[in-house]
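The structure appears below as structure tokens.
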Amino acid sequence: MDFIFEWFRTLYSETGVNLPFIYDEYDRKRMAEGLLTTIWLSLICLFFSVIIGVIGAWLQGSSLKWTRRIVNGYIQLFRNTPPLVQLYFFYFAIGTLLPRVENDWGGTSPMLGSFAWAAISLSFFAGAFNVEIFRSGIEAVPKSTVEAAEALGFSRLQIYRDITLPLAFRVVIPAMNNNLVNLVKTTTLAYAIAVPEMLYEANQIWSDNVNVTEMMIFLLLAYFVLVGVLVAGMNKWERAMKIPGFG
Amino acid sequence: MSYKTDLPVMLPVKPRALEPFKSLKKRHILLIAFLTIVGPSLVFAQTGEFEKSPLAILLDWTPLLLSGFLFNLVISFGAMALGTLVGGLLGLGQVSLFAPTRASSWLVTQFFRNAPWLVLLFFAMFLLPFELNIFGFKLPLPDWFKAILGLSLPVMANVSEIVRGAVRSLPSGQWEAAESLAYTRRQTLWLIILPQCVKRMLPPWMNLYSILTMATVLASIVGVSEVMTLTGRALAAEGGRTDLLAPFYGLVLVLFFIYCYPIARFTVWLEHKFSVIN
Amino acid sequence: MTWSATSDPMVSIKNVYKSFGSLDVLNGVTLDVMKGDVICIIGPSGSGKSTLIRCINALNDIQSGSILVEGLEVNDPNLDKLELRKKVGMVFQQYNLFPHKTALQNIMMAPVRVLKQNKKTSEAAALELLKKVRLEGKENAYPGELSGGQQQRVAIARSLAMQPDVILFDEVTAALDPETVGEVLQTIKELAEDGMTCILVTHEMAFAREVADHIYFTDRGIIVEHGPPETFFKDAKDPRTREFLSQIL
Amino acid sequence: LDTIKERGTLIVGVKADYKPYGFLDSSGTVIGLEPDLAQDVADKLGVAIEYVPVVSSNRMQFLEQGKIDLMIATMTDKPDRRKVVQIVDPNYYSSGTNVLALKSLGLKDWNDLNGKPVCGIQGAFYNKATSQNYGAEIVAFKGTAEAYSALKAGNCAAFVYDDSAIVAKTNDPAWSDYEMPLATIDDAPWGLAVGLGEDNFAALMSEMITGWHKSGRILELEKKWGVTNTPFAKEMHDKYK
Amino acid sequence: MTWSATSDPMVSIKNVYKSFGSLDVLNGVTLDVMKGDVICIIGPSGSGKSTLIRCINALNDIQSGSILVEGLEVNDPNLDKLELRKKVGMVFQQYNLFPHKTALQNIMMAPVRVLKQNKKTSEAAALELLKKVRLEGKENAYPGELSGGQQQRVAIARSLAMQPDVILFDEVTAALDPETVGEVLQTIKELAEDGMTCILVTHEMAFAREVADHIYFTDRGIIVEHGPPETFFKDAKDPRTREFLSQIL
């Protein structure tokens, strides 16, 4: 290991290409934490945004007018305002309205920290898109298939869980794929509320080392790999979900 | 072995049949405004901790914030124009017959499409010089212009994909018919293919514009004096009062919503209209 | 068994009216089906055959009249639909199998989920049913991998798995290739011979003549003529019936 | 200098988010201690004044490009900066690093910050020092507004920033529960700058700064903007009196 | 005019081989078409009829063999395709009109843009052609506003506007409603009577018998049998041809 670090240190002194997050222990730790935070935040948001999508699409099919209206209002509000402002609104505005808890350094702090708010805000943002995506998937399931399940005595919830949702899922994977890739890219916004994700840590490092170019290129490559892994995973999943005999 | 069945299980996702175009209703805005601005201010007003009510302060600052929002729009127009221009060329490159052009256009498109917008913005902000030296002329590159450049990069990549998608979505019969009438490839592209693509490209293009407009607030992170930056400055000037946060950020939300929601509705309407015609 | 009105009917339809918006589809339909009966409903397109059959199953509700299925009143807002559907099976023109489940799973699912049957027993029963519809060996095939006729037979087995007292068939051979129609009709015939109560909508006159105990002819939402097949096909009285039969036969 | 007179306006780069040194009022004009100093210069020259809001990352380039004539923007005087712009002697002001924290927290020493979340400003040079030397967990925001909000909301235990700004803050009634409990570190003078080669203008400015110190103008402005008089300002006043 | 090999043929196909990947579609096809001839190509689906016709127009390239169109060698990498396509018109099964242009513009566009004809003259010529295909008054209609048969006639007129020496028709009535097939066939018949050289792929046997000078039957990429319609339909020798004809007729 050490000689690799040495090599990068020499690279810096010889060519000026400065990659402190490889050879410097402090920066390496920061960068690794940033990467982990980004992955963790992405996974949490992926999970919850899909949950929100599934539940929202179910509520949208409700027979109660007001339930549908509220879901629609949620979708329109979150789709038509900047995610960054949503993040600020959640963190600064709503965060201060919630009850406070004792913290371990002798004061009171808001119930939720910046990471939690980033996770909530981004999940709601991506969830708004997922509701629409699932809704269109559900509409693509033929009515007659649902009727067949009805005729077999399935309840509404059973039909949704066993028939509609599994079929809708398969139709929407490409669209959802796209949305989730966007979500991973959007996690960079958490930078603005000081969530120590990759962009934040990179920014700290370039402030200290004045190596913007190197950090920038590293960031672009890192996101490229992250998005690539996600897309590969989703494609694999799509193939696994493929129904034999169709398409 | 697979049989043809009529089971339409894997139908492509269809755009939802829509009621006729319905524009934003006043009460919708009022509701949102209440939820985001007035409500939180009232919660605080009852605590009576401060001398001047949050709403009054917000009203003081509104003209300035509006001017900041106009600046966001200027940035969005600039980035959209630039991104569309370059992205259009890149998209044509992606359908070129010349393999190296096709491959390199594809690569550039994918690269900028998969990078986070914010990172691209930082990219433009920090890696572009403060001024360009062209033949001894010093062309200053102010921050807002760099923001336009930075935001136009992802726009460019997305426009490129839109163009490619639209061209690919046309039935191959159109190409063949034109070919057998002895049109050159260029004539086919400009006279037959692209005019038909415009209609297909319009909805995704408008969608992209809406996304771009919402992304202009990212410029605040790199210090351009747009609405979020001004909001930050206003809050600093008012001394970091926590009761002002909700109304101020709420106002920004409302501003964007009023601008972007009609665009979204119009886009869905267009999509629906075109899908009926075709 | 021949048609009779003496003992208690299994399905009893009385004076049923049904309209979609301003379109009147059923204009007072009355008919009874006894246990073990096989009845066929024939008639021109749009005459309300499918609607009638769907009403029996509460897939459509009716405006007025009464439909009694083994004592359950279908036209009752407080009807327990699950109870009804355990008694009444239905097979559709478009088969409507669940495409993401294998043939076996399609058959087992409802007994396990709805009747809360033990998985083992319902699997055994499902395999038995697959054998009955002559599809041994296809249990792990997905619907997309089966021909139309095979799919339709799986659909019949799926319906049988719920052990209904009566099965409704809505033009179950209309979407099939001519070669596979025979397989499906054979399966239904065997069912009828086993004593299952069946209500069939069909355009296959030869088949109707062979298996039906009683034939009903509908036009514009009413039953124009009915009778046992021997008399029905030979000496229909109503001019519309005669015209229809002359076109079809 | 001639161009300024010819143009009839003096263009000054000032901060716009740094209360009380330079900040916005609700009509969008920049006010504060530094703009007042700039106004003095304009009055002296007999020309109108125009403010250009600058941030740390662009202020020197603006001066280089000639986009602004004069920069009074809380800039710390550093040797490498003197290579790029002409920093005028003597320094007009000074500040160091300190923290703003709740009185109830009872901070006494920088080491008390160990393990606590401390708000900061992205790109500030003392972030790394605070976290490496004293073990604080820096939570860096992009601007002061966010940092103050986060502190007030209780997201951090303290806010590490320029002491002069913190002093001003503690005088604000809304912040009466907060204090500046630690000893200032890294005290450094602020420099006012003009473009390289603008020697005449630099000489004039040098004269102006001496004048401000002499007349106690700086002390007077500190009072006006609610800042307790800083040791540096007093010392300079004594020195030039 | 009857089929002969004495004078110079307008289209001369010699020993053409063509495959898509590993799929051999044309396996040595040879045929000649004289000026003014109307030839019909028939054969089962997938036998390579469309592929053959598309090769004449260089929409598909061939692996080996030669296709000469008025002396132009189509299988020549340096072939001026534009020159070829000015000589050869083509009408497709799916019409492929340009949906964003009116009928008149569809017809005028190529003469104006490709042949650089004067706008006035080509407009006059286009109107003349519309009259010929009996669509006077439809000049300002968009393709979406025309029936399938009308669209196909506009497509024929569009092809004629380039004044080609030979026109290729690929199952031009296959996508049409039965009522409008007649209109289109009538138009083609008139063309043939005017002496236009036509190569037709069709399943309309009666039509082929009426208009063709010579009929070719293809199967699996080779010409199995050919001859003038009188003898072709009466005494085909090849068993495959006979089987095909027995199914179709």
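As written, the chains take the letters A, B, C, D and E, and residue 1 is the first residue of each chain.
The definition used in the following text is that contacts are C-beta pairs under 8 Å (C-beta built on N, C-alpha and C of every residue); 3 or more make two chains touch, one makes a residue touch a chain.
Remember, predicted model here, so these are calculated numbers, not experimental data.
Visitor: Chains touching chain B and chain D alike, please list them.
Guide: Touches both chain B and chain D: A.
Visitor: Need the graph distance between chain D and chain E over the touch network, please.
Guide: Minimum number of steps from chain D to chain E: 2.
Visitor: Which chain has its C-alpha centre farthest away from the C-alpha centre of chain B?
Guide: Centroid comparison gives C as the farthest chain from chain B.
Visitor: So which chain is farthest from chain E, going by the mean of the CA atoms in each chain?
Guide: Relative to chain E, the chain with the farthest C-alpha centre is D.
Visitor: Going by CA means, which chain is nearest the middle of everything shown?
Guide: Located nearest the centre of all protein C-alpha atoms is chain B.
Visitor: Between A-D and A-B, which chain pair shares more contacting C-beta pairs?
Guide: Answer by contact count: A-B.
Visitor: So the centre of each chain is just the mean of its C-alpha atoms; given that, what is the distance between chain B and chain E in Å?
Guide: It comes to 48 Å between the two C-alpha centres.
Visitor: With centres defined as the mean C-alpha position, give me the chain B-chain C separation in Å.
Guide: 55
Visitor: Pull out every residue in chain E that's touching 2 or more other chains.
Guide: none
Visitor: Do you know which chain A residues sit against two or more other chains?
Guide: 92, 96, 142, 145, 167, 170, 192, 203, 243-246, in rising order.
Visitor: Scan chain B for residues touching two or more other chains and write them down.
Guide: Touching at least two other chains: 2-3, 7, 9, 220-221, 242, 245.
Visitor: Using the touch definition from the top, list the residues of chain B that touch chain A in their complex.
Guide: 2-3, 7-16, 28, 31-32, 36, 40, 43, 111, 114-119, 122-123, 126-127, 210, 214-218, 220-221, 228, 242, 245-246, 249-250, 252-253, 256-257, 260-261, 264
Visitor: Once bound in the complex, which stretches of chain D touch chain A?
Guide: 102, 104-106, 115-117, 119, 122-124, 127-128, 132, 138-142, 146, 149-150, 152-155, 157
Visitor: State the interface residues of chain B toward chain D in the complex, per the touch definition above.
Guide: Its residues touching chain D are 50, 57, 60-61, 63-64, 67, 130-131, 138, 140, 143, 220-221, 223, 225, 229-237, 239-242, 245.
Visitor: For the complex, which residues does chain E have touching chain B?
Guide: Residues 57, 59, 81-82, 85-86, 88-90, 92, 94, 96-100, 109-110, 113-114, 144, 155, 158-159, 162.
Visitor: Residue numbers of chain A touching chain C in their complex, please.
Guide: 142, 144-145, 147-155, 158, 162-163, 166-167, 170, 243-246
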